[in-house]
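Mind having a look at this structure? Questions to follow.
We call the chains A, B, C and D, going by the order they appear; numbering starts again at 1 in every chain.
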Amino acid sequence: MTTLRALVLGCSLKSGAEESSSDLLGRQILDALADHDVDGELLRVADRNVKFGVSTDEGDGDGWPAVREKILAAQILVIATPIWLGQPSSVAKMVLERLDAELSETDARGRPSMYDKVAVVGVVGNEDGAHHVIAEVIQALNDVGFTIPAAGSAYWVGEALGKVDYKDAGPKPDTTGASVKDLAANTAHLARILADKPYAAG
Amino acid sequence: MTTLRALVLGCSLKSGAEESSSDLLGRQILDALADHDVDGELLRVADRNVKFGVSTDEGDGDGWPAVREKILAAQILVIATPIWLGQPSSVAKMVLERLDAELSETDARGRPSMYDKVAVVGVVGNEDGAHHVIAEVIQALNDVGFTIPAAGSAYWVGEALGKVDYKDAGPKPDTTGASVKDLAANTAHLARILADKPYAAG
Amino acid sequence: MTTLRALVLGCSLKSGAEESSSDLLGRQILDALADHDVDGELLRVADRNVKFGVSTDEGDGDGWPAVREKILAAQILVIATPIWLGQPSSVAKMVLERLDAELSETDARGRPSMYDKVAVVGVVGNEDGAHHVIAEVIQALNDVGFTIPAAGSAYWVGEALGKVDYKDAGPKPDTTGASVKDLAANTAHLARILADKPYAAG
Amino acid sequence: MTTLRALVLGCSLKSGAEESSSDLLGRQILDALADHDVDGELLRVADRNVKFGVSTDEGDGDGWPAVREKILAAQILVIATPIWLGQPSSVAKMVLERLDAELSETDARGRPSMYDKVAVVGVVGNEDGAHHVIAEVIQALNDVGFTIPAAGSAYWVGEALGKVDYKDAGPKPDTTGASVKDLAANTAHLARILADKPYAAG
């Protein structure tokens, strides 16, 4: 069995050393993927000086090209994002906009650059919004060429109008934890069979 | 102070005598509106033989024209809907589609038929999805001419992947209950000043 | 190469013999799938007396169980829906709600009943709304276990505030038509490799 | 009649002197508001060094506090945003996140800081996505306390999969232009009656 590569993009609004609940869920997804022979790393986007734009390189010290190299080198992309006002973080949206450029990029076989890659989503918030965040993120990723495995998301939110963060809410093995396990098994399986049998050239 | 009229459309998938959590929230909104001199009633849409369509009358026993009369007679419309898969119920969507017809209807002054009416949303679910349901419903209602008051929504959902209904979750005076009070005060105020000073003819 | 089976659910609000633009796009998807050795049929949901609900059988003449049998017999599900107010049709939402029941159903191997099936979306409207309809539909389908292939959607809408239907707009080979071809190639490929190498038991 | 104040936040991804289609629509909205005795200005957010965050001041040269002062001084807020992947720009999302802080801010009468202010949305894109962008933006703005007037949006997009920008598409007096006029009349009217008869203290 070939070892696969996963990249988790942590889309917290916070940079630096501050703890992030979305990073925590991202790391749990990485750990679960490791059980299926997938290596990987998490990268906090807010630390990388990524610029607003819809090209592969906005120049002027833009941090995106380095992130993009890591995406190209991976078979699996995980977007880990917090919820704000029931919606994905602006950092997650900035990432999706940068990936929009891939619609015009092709690989060595003339196919869109993200074909055969599998994408999934991890979402956390104090309260309500996860389903919609998942909808936004998978629609955009699917649009640019990623394949979405069965049950390709995992999330945690508290009761309506709650204020507790995922990192402080204690372990959730029976709900979010169970989703993470299913997500990891399906993601690794799908990425592996697509690596073995890629989509046809367009 | 003029007494105003409110209509709550309960958009549960269930008809008949079965208890509905969205009706419960709808009734709580009506009760809160009563404190601001607003009379009203709740009507369960699934009981009314409303047909799919985008006209004011689909014929053949269509229950919508009777519902529509009640909307026209009210200054306030409340959509009370459950969440399914993070989205508004199909019954709520059917109601919005029927209201789409109002874009072509005008009142005695030549204005769109829903102008000066105020609309708000109540949403309940076992878990996650309320913000997006609110977004869907208020976008559609605003598009057809309703005005949305400050903080024009109230909701309850349980923790992620929960299974408890609002009607069984016990009172929530500090979260959902507080929202219902603010919503009622703002809704009645806005409907009253718009009744007094209507939008201009187009 | 095994012949696969596709089912297109036409989610027009109209029943009976009236022409439907969403059916037209659905048939174009079926034709494109035929080039990849996929047989199939289109079924207009509004003709089938499907009841509101979230179970596999709502009883009392419910048409859903017969539709469900066809979904279970297919490897590919296509939701073809019109846009109303920028959102999926209430008929499409009714279908998604009925599929919500599948989260509790399992196959002979103990896996969720929709695992290994591939789902895609076709969307048409006079104007604006396709991306969001795609987001809503694939989020819900993915949630209940369907896998979404790269570029798993095709759509047509006219310019903002336009009034022309897809069936009257003339052929669109360079835009919608090209998407339909890519969608069909990717869908058939993914369904085939998942049929050959199914997801693991949970 | 009191002169009112409007602020348009241009949420293009581009900074500096580059022409922006969303700015163009924003200026058209300002011009239409001027016919109703509303003064105002447009500010390109990407030029202002606004930082990611959910507080009123993220420190360290954050440009938001200066933008926020202008919002507080206006009765009308216009979000003018492009569409990317069918969704609002990340710059627009950043603005909404910064406004999330206002849920904890109160005015001199103890009311949420944005009460009595009216918000509307202008959206442009090469193609599809406007309705959903409107939904996202008005849900978030309404959540933090803005009131949404009847028909509180205006948009332009080209035919599906088109590539022409609004600034190059030529005038659209009968569609987008007509919406802008209705929006301006309703916005000014509502802001004026709310300035005269504000919401009650909570």
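The rule is short, and it goes like this: a contact is a pair of C-beta atoms (placed from the backbone, for glycine too) under 8 Å apart; a residue touches a chain by one contact, two chains touch by 3 or more.
Predicted model only: the values in this text are computed from it and were never measured.
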item: Equivalent interface positions on subunit A and subunit B, same or different at half; value: same
item: Chain whose average C-alpha position is farthest from subunit D's own; value: C
item: Distance from the mean Cα position of subunit B to that of subunit A, given in whole angstrom; value: 36
item: Centre-of-Cα separation between subunit D and subunit B, whole angstrom; value: 25
item: Shared-contact residues (touching 2 or more other chains) in subunit D; value: 85-87, 131, 134-136, 139, 143
item: Residues on subunit A engaged by subunit C in the complex (per definition of touch); value: 112, 114-116, 131-132, 134-136, 138-139, 142-143, 145-153, 182, 185-186, 189-190, 193-194, 196-197, 199-200, 202
item: Residues of subunit B touching subunit C in the complex; value: 13-15, 46, 52-54, 84-91, 93-94, 96-97, 100, 136, 139-140, 143-144
item: Complex contacts: residues of subunit C adjacent to subunit D; value: 85-87, 127-132, 134-135, 155-162, 172, 175-176, 179
